[in-house]
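There are two complexes below, and they share chain A, which is joined by chain B in the first and by chain C in the second.
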Partner chain A sequence: MKKSKFLIFIVALAVIFLIGPFIIIIVSSFNETAVMKFPPKGFSLQWYQKVFSVDMFKTTFWISLKIGFFATIIALVIGIPVAYLNVRYKYRGKNIVELIFSSPAIIPGLVIGFALLRYFIYVAQVPITVGLFLGHTAILFPYTVRVVSASLRNFDLSVEEAAVSLGSSPIGAFFRVVFPNIQAGVVAAFILAFITSFNNVPISLFLTGPGVSTLPIQMLVYMEYYYDPTISALSSIIIVLTVLIVQAAEKVLGISKYM
Partner chain B sequence: MAYIELKDIDAGYVKGSPILKDFHLEVKRGELISLLGPSGCGKTTTLRTIAGFISPEKGNVIIDKNDVTKYPPNKRNIGLVFQTYALFPHLSVFENVAYGLKRRKVDKKTIEEKVKKVLNLVSLTGFEERLPANLSGGQRQRVALARSLVIEPDLLLLDEPLSNLDAKLRDEMRAELSRLQHKLGITMIYVTHDQIEALSLSSKIIVMNEGNIEQMGTPKEIYEKPATKFVAKFVGFDNILTAKFVECDEKNTAIVSVGENKLKISREQHIDIKSLNEGDEINILFRPEDTRITKDKCENSIQAKLNYANYQGNSSSYALSYNDMEIRAITENIEIQNSKDIYFAISSDKIIIEKK
Partner chain C sequence: MNPLKSKKTLLLLAGPGFIFLLIFFFLPLLYVLIESFQSDVGQFTLRRYYDVISDAQFKLVFIRTLRMALIVTPIAVIVGYPCAYFISKLSAKKKSILTTIIILPLMTSPVARTYAWIVILGKFGIVNATLTALNIFAEPTRLLYTEGAIIVGLLQLFMPILILTVSSSLENVNSEVEEAALSLGSNRIGVFFRVVVPLSFEGLIMGITLVFTGCFTAYVTPAILGGANVLTLSTLMREQALVLMNWEAATVIAVLMIITTLIIYNGIRAFKPRNM
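Our next item is the complex of A and B:
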């Protein structure tokens, strides 16, 4: 069939709409002047140097990385059994469990952030880092549960039963047979959840406090004071890193079918 | 003495509405029994109950005098072969087959010997390092078979193991299963909806319908003397005509009338034809393969209208209608000029009588 020119036009518009802002950010990060301008004037790497010289960026980058990593791990350790339960069994209240675990993706982030603030800081009075970590864990469940569920659904239940009939306990069968075959899904869930945590603003906005901040929050704070291309440079680094990680995972594991 | 016994089993997927009710089944050691029936008849439920994946609400599962009702599936030493093969996709053929032995903590050397032996048995020597994805359907099913045979199970359960294969491979695998069963003398329960598979493989067939056993018997008994209308239809008595009983002579030959036509029925029936009275409404059932087409009136023939003929090489399939009842005949090819003057005929020993 001949490709419709109209369709190509629509797709091209959408691509420009999606990619355009990123191109502007990346190009403006090489600007020579301290004012964000497009098209840029001259070429310079000074803003990249500046990114690495600002201590707050370094500190908050590590905090974001650690929070993202550990929150994702916990969301997976709890999310995998939940996904397994929901895919393999019928039970009363299953719909409610599914709804609860997907609610953080439906309820506006600001509302969750506010609720968690009240709960963690005022009621439970946990330290800021712990609150931030727990808050991030909570909002990652929808991603880990959903992505792992998708890969479990693609996996034939009788393979697991075969393992059990050959003498494996149900748990042994899970680790020996099920887990190796849903690995790609688990990696996809990890990446998706990690990026979600790393990028999160609304939850962190409420749960960060004196001395503890995440990179996106630090970027917001920085922008309130300085309007120079440092943020563009930092954003470009984040974009490139994200694209590289997702591409590598796609090449090795073909994770896109689970996302 | 029964080797496998299901005693008064109630079992199903939803508590309170079992598919099997008061189900009873006995299998002798070394027998190959087929559970034959349409989907939803309870044959897979029976299999899963024996395997331990379904806990019966009531009743007992006994294997070799041991009550295993409360045993989990991994403690029953039962081999399972699935319709979807259910091989471990991430493991090589060798590792797939070795899986059960490793769980039994068999030492490495013995594992290698046993795997080698069983792969030889299913003619897969040389395929040890392949992954299941790089095998054909028939090869996968043979790996699945080897994997469940290598643990020397007390019982082998096969759930429609051939239905994902194409016709030619199915024939080959059927022959292979038969050979293995004879060679190893292993007790097998075979679930299928395919009557040819059941007839050619089993020493005994159990025809199931809606959780009940309709008939149990040798393949010959099931095929030639179906005990109920359900079994008759299932083993190919597809043609049904309404008729009236006329009389029964001293040689037990029944005369029935289909409209104006009189038919003789000399076949031994599972109902007592002596109990029928003249004028009783009955159904008569016969196979398309036993229905001949003629251009002339002859004994046990009925005039009918030919709707269409479907050429199939060495035979043809004819669709006829008689009084709005559809009749199918699969028989030798005949030249038909005038589709009005057609008769179909059935030998008197090929007709089953069914009370209405």
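Our next item is the complex of A and C:
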């Protein structure tokens, strides 16, 4: 079908609107002055130096990395069986089970963070890092279920049945026949869930304490006190890293089809 | 899909996830919910709800949040739907390239994404620089910390969600159906509205639901682009909880946010056509 010029115009406009800001922030991070001016004046790497000299950025970067890694692993461990259950079987009350498992994606993140703070930190006196880990795991869980389910749907389950009828145990068949075939989906789920955790603000917002916070929250705190291109520089680093990861994941795994 | 024969399999597969969510998700939410209906001495009361709902600032913020969601959603549909249609017609390779570009706002840190708008809309930003250079404004105007700034930021975040949901539902629309309608004398616009839109209606409804509820509960965008001047429900809740230490009010706002989200979620999805 021929594409009309009008359609191309709208798409071009949307693309400029969606990614133009990223280009502008990267250009502005090389500004020489502390005033956030665009187009920028001169060329300087001083804001990049400053990013690496702020200790709290380093500390919270590692916390974000660790929380993201462990929360994603646990979300996968409890999420893969649920995805398998929902793709493989039909049973009574399936709608309700699916609703229960997707509810962390429906309830606003801010409310989840607030509830965890009230209940776990104040009532149960759990350390903040543990609260962060639990909250992140809860919101990543529906994510891993969805991505792994998408991958399982593309796998012909009769292959698994063949393995079982040839004498393999159901668990053995899962690990030797099913899992190797959905590996790409599991890796895609890992990447998407990890990025989601690494970027999360609403949950982490309430779960901060002395010396414990995540990188996005630390960036918000920094912005309240300083108005200079340091955040532009840090944002540019994060944007470039994200683009590289998403590009690589798209090339190897075709990640966009799992979104 | 096979029928599930034993309860044991169900428990084995869903059990760990269910127990996790029960303890670390539903229990805290239930605690907050019960707390919101309790007076200081532990008796049932609606007093807290009454106090929050009758507050003039709350009403203002609630209506503002709703209004912004009502503005962002149709714009996201009007611009996003044609984009989704365009994407669905591309070859696999081009589709992959354009999709990775469009999902970029979803994948990057919300703080980084939103901060870009501070650079653009700021006093010395590109928009103000252009407007003053063209003599439209004598001096830089305030664009940041306004409802308009939040709307722009929300659009950048939610348009990709609409595009993704609709384009995946358009995959199922067969080009031959369109061509059949064309050859039977319908014009291009007629085909679009009478063939393409109805066939992707379910995806469109899903997209609208996600965009609307997302706008209603977004936090980072209004926090950075609205600041303390233009509060939305989520930034108001955060202010009550972490700045004013008014836990009661924050709890009530949290519950009201859940209720409103669920009403919107189910309300829009009720439009789902049956057996189309």
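What we mean here is this: the second predicted complex is superposed on the first by the 257 of 259 C-alpha atoms of A that agree within 3 Å, B and C clash if a C-alpha of one lies under 4 Å from a C-alpha of the other, contacts with A are read in each partner's own complex, and residues count from 1 in each chain.
Definition applied: a contact is a pair of C-beta atoms (placed from the backbone, for glycine too) under 8 Å apart; a residue touches a chain by one contact, two chains touch by 3 or more.
Values in this document were obtained by computation on a predicted structure and should not be read as measured data.
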> Should the pairing of chain B and chain C on chain A count as a clash or a fit in the superposition?
Replying inline: fit
> For the combined three-chain view, what is the angle at the C-alpha centre of chain A formed with the C-alpha centres of chain B and chain C, to the nearest 10°?
Replying inline: 90
> When the two structures are overlaid on chain A, which partner does A:Phe52 contact: first (chain B), second (chain C), both, or neither?
Replying inline: neither
> Which partner does A:Tyr226 contact after superposing on A: first (chain B), second (chain C), both, neither?
Replying inline: neither
>> Just to be sure I read the superposition right, which of the two partners does A:Trp62 touch: chain B = first, chain C = second, or both, or neither?
In response: neither
> With the two structures laid over each other on chain A, which partner does A:Phe175 touch: chain B (first), chain C (second), both, or neither?
Replying inline: neither
> Which partner does A:Gly167 reach: the first (chain B), the second (chain C), both, or neither?
Replying inline: first
>> Under the stated touch criterion, which partner chain does A:Val159 make contact with: chain B (first), chain C (second), both, or neither?
In response: first
> Of chain B and chain C, which one touches more of chain A's residues?
Replying inline: C
>> Nearest approach of chain B to chain C by C-alpha atoms in the superposition, in Å, rounded to an integer.
In response: 6
> In the complex formed with chain A, which residues of chain C make contact?
Replying inline: 1-4, 9-10, 12-14, 16-18, 20-21, 24-29, 31-32, 35, 79-80, 82-83, 85-86, 89, 96, 98-113, 115-120, 122, 124-126, 129, 155-156, 159-160, 163-164, 175, 178-179, 188, 213, 217, 219-220, 223-224, 234, 237-238, 241-242, 247, 250-251, 254, 257-258, 261-262, 265
> Quick one: in the complex, what on chain A touches chain B?
Replying inline: 156, 158-159, 161-170, 172, 177, 180-181
> Which residues of chain A touch chain C in the complex?
Replying inline: 1, 3-4, 7-8, 10-11, 13-15, 17-19, 21-22, 24-25, 28, 35-39, 74, 77-79, 81-82, 84-85, 87-91, 97, 100-101, 103-104, 106-112, 114-116, 118-120, 123, 134-135, 137-138, 141, 145, 195, 198-199, 201-202, 205-206, 215-216, 219-220, 223, 231-232, 234-236, 238-239, 242-243, 246-247, 250, 254, 256, 259
> What part of chain B is in contact with chain A in the complex they form?
Replying inline: 51, 53, 72-74, 76, 78-80, 82-84, 86-90, 99-100, 103-104, 144, 147-148, 151
